[in-house]
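Sharing a structure with you now.
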């Protein structure tokens, strides 16, 4: 979990360490610098913005796959969600809480399409210190978080296309970030059979 | 006429000896320096008391000081946020023209500046020795937490103020009174120097 | 009523990387502000050379007839200075706040290139909030 301050207790041996998660925090600054370097490194490897977005998403995907394993073990007694809403609320609540220290601001179903869901965050933690230059258009570093979400969903058996977008808010200086989840057809067909 | 350099002959007289009783290891904590320049940047007078560090030779030092004054004058005139017409950067200013400055301070010294209507520039440079006293005896001692009250702990093993040193300090700060007397004395001599300079 | 007239940020080689005007009289063009920045950079260095003792870090406060100038230099040599009304208080505190904003929203931004002009939306937003807050404190007195 990324937080401001907080101490990590040192154990002399890994055997003394409790299995439960506890409150383990990493410094927000340390994370911000590392993430900044990740973006900068990837920027040198690509020649367009779509490519950069894809690389960040891939980096997140690897995190998501691991996070799923870990949290299913810790929180769910080695069980995973099999239902669509179950896995979505798992992402929205458990994953968000352990990664960012809070539940995501909102989880909504898309109004236009049946297969679309949105997780919105007023200020996404990875974007806290990042200003996107004007010439980069709609690029959002939340692509990394979108990758995490895709990693979790994909490995839990819910393949989906996940993207991050800035959505302007009325009366707010800064747009919020929405993680748009578009599930594959097979997921919806399976879900329909289960009902 | 020289420009930007050299010293008047009057400057060659050595600085008066330090007042008795001040030649301690702590000399320099009440350093005073006085520079007087004419409008062409010639150093008419330079005196120093307890100056602990000389990085440059006297002439270079004076040149640099005048250069700093000159730049600061045109800087302040240009940056002045209250005037609409600011003129151009780097153009020599007449005495009293544009916004001027009267002092600046760094973490180690303070410089006071005055320019007379005839373009004589008088500079006085001092070290804030109260601060040095604080830095030397309070901040350096391991037993003192910042923002806590400063107390004298005779039992503390850390190098907190010891009375002989403090006494020395007290004495040297008294000596600085005699220095200001000397500066008054100087006013007379300075007038002579200036007269000499303008007549010849 | 403006306590602060303008703010400059200079990189370690004397280049102006940020300039903001908060209501000074008379316009200053980009060229002028660039030249003032590099002039300040060199004067700051000279003031260190002229110090009669060791350990001098340059001018912290310049008092002029019509304004005060407070300067803060970070350990890496980036200089922040504000031009404010004579006798304006708590400017050191404000400079520290600005430095903090710089480390947060400029240095942690992957799209900022070191030593280059600062164009970060978040920095601008938080800076104007900090200045606004400073003014409110002043008005409250």
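First chain written, first letter: the chains are A, B and C, and each begins at residue 1.
We take it that a residue touches a chain if its C-beta (ideal position, glycine included) is under 8 Å from a C-beta of that chain, and two chains touch if they have at least 3 such contacts.
Only a predicted model underlies this, so the values are computations on that prediction, with no experimental measurement involved.
Any chain bridging subunit B and subunit C, meaning touching each of them, is missing here; the list is empty. For subunit A, the chain whose average C-alpha position is most distant is B. For the criterion of most C-beta pairs in contact, the winning chain pair is B-C. Geometrically, the chain at the heart of the complex, using CA-atom means, is C.
If each chain is reduced to the centroid of its CA atoms, subunit B and subunit C end up 26 Å from each other. Computed from the mean C-alpha positions, the centre of subunit A lies at a distance of 61 Å from the centre of subunit B.
Centroids of subunit A and subunit C (each the mean of its C-alpha atoms) stand 38 Å apart. None of the residues of subunit A touches two or more other chains. For subunit B, residues touching at least two other chains: there are none.
Residue ranges on subunit A touching subunit C, taken from their complex, read 29, 32-33, 35-40, 43, 129-133, 136, 141, 173-174. Chain contact summary for the complex, subunit C toward subunit A: residues 104-105, 108-111, 119-123, 125. Of all residues in subunit B, those touching subunit C in their complex are 28, 31, 33, 48, 51-53, 55-56, 61, 64-65, 67-68, 71-72, 74-76, 78-86, 89, 99-109, 125, 127. Contact residues of subunit C toward subunit B in the complex are 5-6, 24-26, 28, 32, 35-36, 39-40, 42-43, 46-67, 69, 83.
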